[in-house]
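Every chain is named by a letter (A, B, C, D, E and F) in the order it is written, and numbering of its residues begins at 1.
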Amino acid sequence: MLHIVNKSPFSNGNMDTCLRIAQAADPILLIEDGVFAVKKGTSMEGRMKETVGRHPVYALQADLKARGIDQVVDGVKLCDYSGFVALVEEHRPHSWL
Amino acid sequence: MLHIVNKSPFSNGNMDTCLRIAQAADPILLIEDGVFAVKKGTSMEGRMKETVGRHPVYALQADLKARGIDQVVDGVKLCDYSGFVALVEEHRPHSWL
Amino acid sequence: MEEQAPRKIMFVNRRAPHGSIYAYEGLEVILIFGAYDQEISAVFLDDAVFSLKKGQDTSELGVKEFSATFRALEAYGVENRYVEKESMEQRGLTLDDLIMDVEVVDGATLRKAMGEQDVLLPF
Amino acid sequence: MEEQAPRKIMFVNRRAPHGSIYAYEGLEVILIFGAYDQEISAVFLDDAVFSLKKGQDTSELGVKEFSATFRALEAYGVENRYVEKESMEQRGLTLDDLIMDVEVVDGATLRKAMGEQDVLLPF
Amino acid sequence: MKFGILVQEGPYNHEASDSAYHFIQAALAKGHEITGVFFYNDGVTNTTKLMDIPADDRHISKRWSELGAKGVELIVCVAAAKRRGISPDVLIDNARIDGLGQLSELCIESDRLITFGD
Amino acid sequence: MKFGILVQEGPYNHEASDSAYHFIQAALAKGHEITGVFFYNDGVTNTTKLMDIPADDRHISKRWSELGAKGVELIVCVAAAKRRGISPDVLIDNARIDGLGQLSELCIESDRLITFGD
């Protein structure tokens, strides 16, 4: 199962619920404002490092670029829309809205 | 200055920011999904009790009733739309959206 | 053409009622899906547990009160009806506060149930 | 008729750019208001500090990149331009990361500035 | 007192539009003046006359139009409206499409400006 | 593979509609089939042909209509559309208004159903 989060973890609890429910090893994809979670040097960094240890974590490159985020937490994988589609091919998706 | 919060504190950070910025003694009015903050017996109760010590806290009755909340944290005042208007007469409002 | 096995479809309700329309329009979808002979589940977590709260009275808002309709879920073929334990506890709710009988599940059970679905629909 | 004193109007920007339109449509309002000879302030707090981040490139999203327009705020008569310290720190941002010069204010200063406004507009 | 109202969200999807309406009714009942209701962001979608609402539900755009008929100015931001397909052809009676400057005027003329949104 | 798409938010106000569009383009480029795009909640407002968009910005409803012309089914929920003033008169070409049962069909026919929303 693929977990998709599109909201900033700084203002919204969707990421919290996702992390509470997601099964270990389930991939997590961050899109739209969700990509703020993987910016380096934020108060979320420790939490994201732990998360990367439990889940493959992907962030959508187009959304990172749009927001000027060029440094991401170690271990986070970047993907383009084609990579997004590939993730959905492999896993049934759930959007945490 | 009147602070208006319309989002549930369980899923959204608007209340956090409001409480971080509001001046002591500034009134806070909870409307729409914001009224969940004053329900008795939630994990927010301790925080709301503190808040009631620092701010007059009002909750809109129509929104409480709609959500079936009949027990509110001690010290929270209930108001109807006319009371809402009265608060805005007395204070310049800011909606934390 | 092969006969397809019923699909497992879960409604993942997370929004509070009344502040936005998701709870209501989500309910409309659930009721329709009940007619399609699939394996339907509905879980209420986070603020959506408030959708099942007893005693909702929307008359002063001038909007329709729809919580009673959730009671029809079973009759409409929604086989599994869950609330998440942690969401309930955080909001100070027990089964006595709810308008219908649901199964209280912990995170681990919900995790497993979600993992078995073919389709997950967020509302 | 009495000549009215200029109004103190503050834009309280809290939303992240691109995920929703508030940052962009809020900016459009600020620019218009600049022409009205009032005392305009703009504060960026919470995720809105990201609106001022350098290096935004929206080409792959196919949407307009508008961060450079914030630089025009001063020329458009927006006298006070603030970012909140705690919001910046939480997001690992310093003034060097921003596309324009703004005043970093702590909660106490912002509290005071907000208390002096005639109108507060959230975006 | 003079109250200006800013509505940032569309009807039905969020409670903002309902809250704004109830607030305005209460303010008028107390003898206040509404200097105007400005619809911005998705708020512009409150003003389409094409809504087709079941009899047992409130008809939000009709309700706004009736308020306009009583003399409350309803102003729809032109830029936001164009983006969302609210054209003069579908606009409710008693509302007008105008520029953002009108919101500035509301801020200047009103004793209080209050925003309803998401 | 067969992908069904659910769009829950309106255009411009939220990125959801853009994300859905880019996802669909990428899926088609990889040779997948889109079983349909279902517009629900405020998502129905993606499908008004009355949008009037500056030349330097994307025209979201035109973009959907073009996708429809290429054979992707665009289905607009009738109940949600009525509530928001999306009538057959203003509907873009190559889309159709239909019942919620169509979303159920999409869930049954598609290998994957993915939702874009707020």
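Operating definition for what follows: a contact is a pair of C-beta atoms (placed from the backbone, for glycine too) under 8 Å apart; a residue touches a chain by one contact, two chains touch by 3 or more.
Quick caveat: nothing in here was measured; it's all calculated off a predicted structure.
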item: Subunit F reached from subunit B - shortest hop count over touching chains; value: 2
item: Pair joined by more contacting C-beta pairs (B-E or C-E); value: B-E
item: Equivalent interface positions on subunit E and subunit F, same or different at half; value: same
item: Per Cα centroids, the chain farthest from subunit C; value: D
item: Whole-Å gap between the CA centroids of subunit A and subunit F; value: 24
item: Subunit E and subunit F: spacing of chain centres that average the CA atoms, whole Å; value: 27
item: Residues within subunit D bordering two or more other chains; value: 14, 18-21, 46, 61, 63, 118-120, 122
item: Residue numbers of subunit E (touch at least two other chains); value: 8, 12-13, 15, 22, 41, 113, 115, 117-118
item: Residue list for subunit B, restricted to those that touch at least two other chains; value: 6, 10-11, 13, 32-33, 62, 92-93, 95, 97
item: Listing of all chain pairs that touch each other, if any do; value: A-B, A-C, A-D, A-F, B-C, B-D, B-E, C-E, C-F, D-E, D-F, E-F
item: Touching residues on subunit D, where the partner in the complex is subunit B; value: 12, 14, 45-46, 86, 107, 110-112, 114-115, 117-120, 122
item: Residues of subunit A touching subunit D in the complex; value: 6-8, 10-11, 32-33, 36, 39-43, 45, 61-63, 65-70
item: Complex interface listing, subunit F residues touching subunit C; value: 6, 8, 40-41, 79-80, 99-101, 103-104, 107-108, 110, 113, 115, 117
item: Residues of subunit F that touch subunit D when the two form their complex; value: 12-15, 18, 22, 56-58, 118
item: Subunit D contact footprint on subunit B (complex, rising order); value: 1, 13, 17, 20-23, 26, 92-97
